[in-house]
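The following block contains the structure, expressed as structure tokens.
A, B, C and D label the chains in the order they appear, each numbered from 1.
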Amino acid sequence: MEVLESGGGEVRLSDVDEVRQWMREKKTRKLVDKLCDERSAVERYVFDGAYLSYDLSSMVRGPMSLEREIVRQRKKDLWIAAKFTLLDTTLLLGGGCLAKIDVGFAGLGRTLFAAIESGRVKTIDWSNGTLALRHMAGAMGVPYLPTRALLGTDTFKRSGAKVVRDPFTNKKICLVPAVNPDVAIIHVNQADRFGNARIFGPSVAPLETAMASKRVILSTEELLDTEEIRREPGRTTIPYFLVDAVVLAPFGAHPGTCPGLYTYDAANLDEFFTARDDAAMRQYIEKYVYGPKSHAEYLDLVGADRLMKLRDGEKIRQGYYL
Amino acid sequence: MEVLESGGGEVRLSDVDEVRQWMREKKTRKLVDKLCDERSAVERYVFDGAYLSYDLSSMVRGPMSLEREIVRQRKKDLWIAAKFTLLDTTLLLGGGCLAKIDVGFAGLGRTLFAAIESGRVKTIDWSNGTLALRHMAGAMGVPYLPTRALLGTDTFKRSGAKVVRDPFTNKKICLVPAVNPDVAIIHVNQADRFGNARIFGPSVAPLETAMASKRVILSTEELLDTEEIRREPGRTTIPYFLVDAVVLAPFGAHPGTCPGLYTYDAANLDEFFTARDDAAMRQYIEKYVYGPKSHAEYLDLVGADRLMKLRDGEKIRQGYYL
Amino acid sequence: MKFTDTELMICLAARSIEDSSTAFVGYGMPQIAAILAQRLYAPDLVQVYEYGAIGPDVATPFRRNMMADARNSRRSFAWTSMNWTLAYAAAGFIDFGVLGAAQLDPFGNVNSTVIGGTYERPKIRFTGSGGGNEVASLCWRTILLAEHEKRRFVPKLDFMTSPGYLDGSPDAREEAGLPRGTGPYRVITSLATYDFEPQSHRMRIIGVREGQTVDSIKDQMLFEPLVASRVETLAPPTADELRVLREEIDPDRVVIGRPE
Amino acid sequence: MKFTDTELMICLAARSIEDSSTAFVGYGMPQIAAILAQRLYAPDLVQVYEYGAIGPDVATPFRRNMMADARNSRRSFAWTSMNWTLAYAAAGFIDFGVLGAAQLDPFGNVNSTVIGGTYERPKIRFTGSGGGNEVASLCWRTILLAEHEKRRFVPKLDFMTSPGYLDGSPDAREEAGLPRGTGPYRVITSLATYDFEPQSHRMRIIGVREGQTVDSIKDQMLFEPLVASRVETLAPPTADELRVLREEIDPDRVVIGRPE
């Protein structure tokens, strides 16, 4: 296959057959209880140097309790898929966890940009859409998917994509390689103990991310009985055999919103957003991440009254909770 | 791009840019009332020689009222995408409408097989999965999608797929070209007059088929107000701007089942299944297709009492109608 | 107790499927075998259907031709659509595939498309692949079911619809681009069971029905199969299996038939 | 009435979006322009967000940084996910794309990645493409918004994040493989509006703000734009526009700011 042009970016390439073998051996089809706390889930499945993917962002239904635990455990040298990200990258960077970013949207804040500008963190530029598509390729068990984005730009040149001629129409087409993250963290609305999970509302690529990833940690607002899952199979977003760990984490997306359930915590986000230099970010992390030893302690730190107000502050249930 | 092998089957190739232009010009984003009867919908959008795609099958949530209307209007030389089909091909063949079949599953019955064996109908063999994938390529606006199916077989040789080396891993991969049908007919559970539609239960590729097709005719069991659609956006399968016509067709899947709503009509299907020679098939078509002049007359022919019994005969609502 | 050929095949297939596995199941015999397995041997078997049901608790009695109806889909873990179910298979999540075969060759390649004549003007036309090509390509272990008729076991297929071990050479599947480590696992007929010898990838008799011998089996095939060093005599359907099949799953005997 | 630069740009953008069209909308100014358009000029505008909302009736007041929350998603026609929204764009269903730009060149190419230094060690790092590359690649007509600062309008970008007309040659986009007939449609700044001259694909001044002239605009750019034969004077925000912006959409002035 004649490659007309190749992006020069470093790629986390997948061997489709090696990934298949993993999914065969390491993803049990047994209905085993996967409920655990965020500490043991992160200890078990997030390792230094891992490629990490998350769905949505710090602001909206992000897996924030799990991100905080990753920082708490001082994981190192993570390579992340930053699709549709906001303060997630900033937090992981502040915790010293980041080595490389596959950039859809790099995230926000001077701290982050300074780290990139100084070379402490390496970027490989893609786009939100091509990162989502790379997860879809990983989910579909194919080495790549074609797209008509990236073409002609420097984003392409810095990515790990390739341009070839489509053999059917002879037009140029861009191919993006599959990504199969070592671990995915996804916050869901409801799940059973086996990992059957429901996400309500629009989303980035939760199923693609779960299917593509070698390990999947779910945090969930609510635990359901499997009977409940089976009653409405059309609402299941992720089936259990993709999932390795289920963590019960009410308000797990705090300080962001979990749409339909609670609104965002504006005051907390202000603290976060204004942590513009390293010192302020350290302080934020000291207070909200290292301080509490678990998500349970974090919730106490935020306070029940505040959490209830956030729940009341979400005025839209319609469409999410039917 | 070096093509290692090409299937010899005739392909309905898409020019992605020509299709895009069509979707720009012919698919209005205006909220216009698209409600009409099956007669005018089929007159307007199904032409002789058209490439036709339908979702699911004669037995389950198939667009049977529309298929009957196509036969009633004596459309000719259709080329169909027979993915997950059952008696649909048999009916269209019996009506003299068929010229070519992209075979996932050819369908059932001696009448059909005799037509293929005698060369009256041409087959191009694919598989259910690769036909669904070709619709997905059409929906994604790309000229093809890769798959690891078809490889090594005669099915590949008779298809219009190609084998190339994947430029990332250097392994062989099969590419299936996008298909953009001239017209799709899809039976849905609920829709508004603009074409926002809901399908309940598992499915083959309704959204992919609707997105890929130049014209889309929906038949629907029920009409909803748009307000109702907006109340639960997570239940919308097909957004209105993909749709050209909406036909109200209660029991539109008869004699098949619409899961969760009514069961199949065993007696009628027996007549259908046993129409094994051309004469018997003509008789079936005479009685059930040419006889009634519309779906309304068809329903009267079947009879209200029988229909109510079919509704009562579906004992499972759970998961479909929440 | 008397039983039909189909009942035997279904029971043998049901015993070959492991519990707590995922199985891509086709219409008819394969589906009934999976339901039987689930009722008796593999309660946590996850049936996966190409039309999008993942892990349904299929209602019985079974009804003919009703794949995708509510009775075949109810109480699933998830409902999705074909491109996704096949993605699960392609990504390595589906352990077993169970398929019927109209014609078979020594390497487990399957024909369900045409027999005789030319492709354009065949003597007999079948339904074609359906989901069979994907199942045989992408699932880890494929179980093939076929009524044991001599003409079905041919040295060379009239048409290769779905891949077995192709020409049987050691890496034939992988060289063709098919996923590594996949291929036919068992062939189950009304007279015998086969696996595939690991080096040659040829069908090998591992079990024969009571009253049959290895030679009688060979007589009823158009190619010479290998024979395992130990060939078991296949246990006939148990009373339990027949009860579940005849009373719960297929009381109308639509698929399983009636013993003469 | 006094107004901010941002308010002007938002109003100009809102007036450029047609009713009963689909528009892929980015965060911030683009979103507010789309909401304003919908309130005043294009009631049946279908906003499409990369995170999966199709046609939401966005709740106001607008809240910062909350793309994908319930207020931005409510009462949609459909909810889906990113691979699907981008499929709609790729398949030709999205009429407009509205994007902010940190740096622009004469052909409407956009930089939102790095400025200065090298790619590895830039002087300034931005957020990168986000959904911008897809929007600029796949939507039919892209509207680019940029505060009018001289340094933003450069003859050559430090980094081309999202494609405009590339090198401006007649079929540059199509030759690169981008969809035929797409590209930047308008550039809207705080001082002027531009279209692209059809042959050369160069930015062309078509409107200037009151108090500005073509020459004063050119003085505030690092490349020489073309000038249309007729250059209109841009109507300032109307009282109605400002009322909706300030009272309904952004009463906290998070995005629109306050006039000095």
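The rule is short, and it goes like this: a contact is a pair of C-beta atoms (placed from the backbone, for glycine too) under 8 Å apart; a residue touches a chain by one contact, two chains touch by 3 or more.
All values reported here derive from a predicted model rather than from experimental measurement.
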- Among the remaining chains, which ones contact both subunit B and subunit C? A
- Could you pull out the chain whose C-alpha mean position is farthest off from that of subunit D? C
- Note on the structure: Higher number of C-beta pairs in contact (A-D or B-D) found for A-D
- Using the average of all C-alpha atoms in each chain as its centre, how far is it in Å between subunit C and subunit D? 57
- Using mean CA coordinates as chain centres, what's the subunit A-subunit D distance in Å? 28
- Item | Intercentroid distance (Cα basis), subunit B paired with subunit A, Å | 37
- Where the centres are mean C-alpha positions, what is the separation of subunit B from subunit D, in Å? 39
- Could you check subunit D for residues that touch two or more other chains and list them? 53, 73, 75-76, 79, 90, 138, 179
- Two or more other chains in contact with one residue: find those residues in subunit B. 16, 141-142, 147-148, 171, 173, 201-202, 207, 231, 233-234, 318-320
- Query: What chain pairs are in touch here?
  - Reply: A-B, A-C, A-D, B-C, B-D
- Message: Show me the residue ranges of subunit A that touch subunit C in the complex, using the header's touch definition.
- Response: 16-17, 19-24, 27-31, 138-142, 196, 207, 211-212, 229-231, 233-234, 236-242
- Message: Which residues of subunit B touch subunit C once you look at their complex with the stated criterion?
- Response: 56-57, 59-61, 83-84, 86, 103-108, 113, 116-119, 122-123, 125-130, 132-133, 136, 147-155, 158, 163, 171-174, 201-208, 257, 259-260, 263-264, 269, 314, 316, 318-320
- Sort out for me which residues of subunit A touch subunit B in the complex. 1-3, 11, 13, 15-16, 141-148, 162, 164-169, 171, 173, 175, 177, 200-202, 231-234, 318-320, 322
- Note on the structure: subunit B partner, complex, touching residues on subunit D are 20-22, 44, 46, 53-57, 73, 75-79, 84, 87-93, 95, 138, 140, 174, 179-181
- Message: Help me check something: in the complex, which residues belonging to subunit D touch subunit A?
- Response: 49-53, 59, 65-71, 73-76, 79-83, 86, 90, 109, 113, 117, 119-134, 137-138, 157, 159-163, 166, 172-173, 175-179
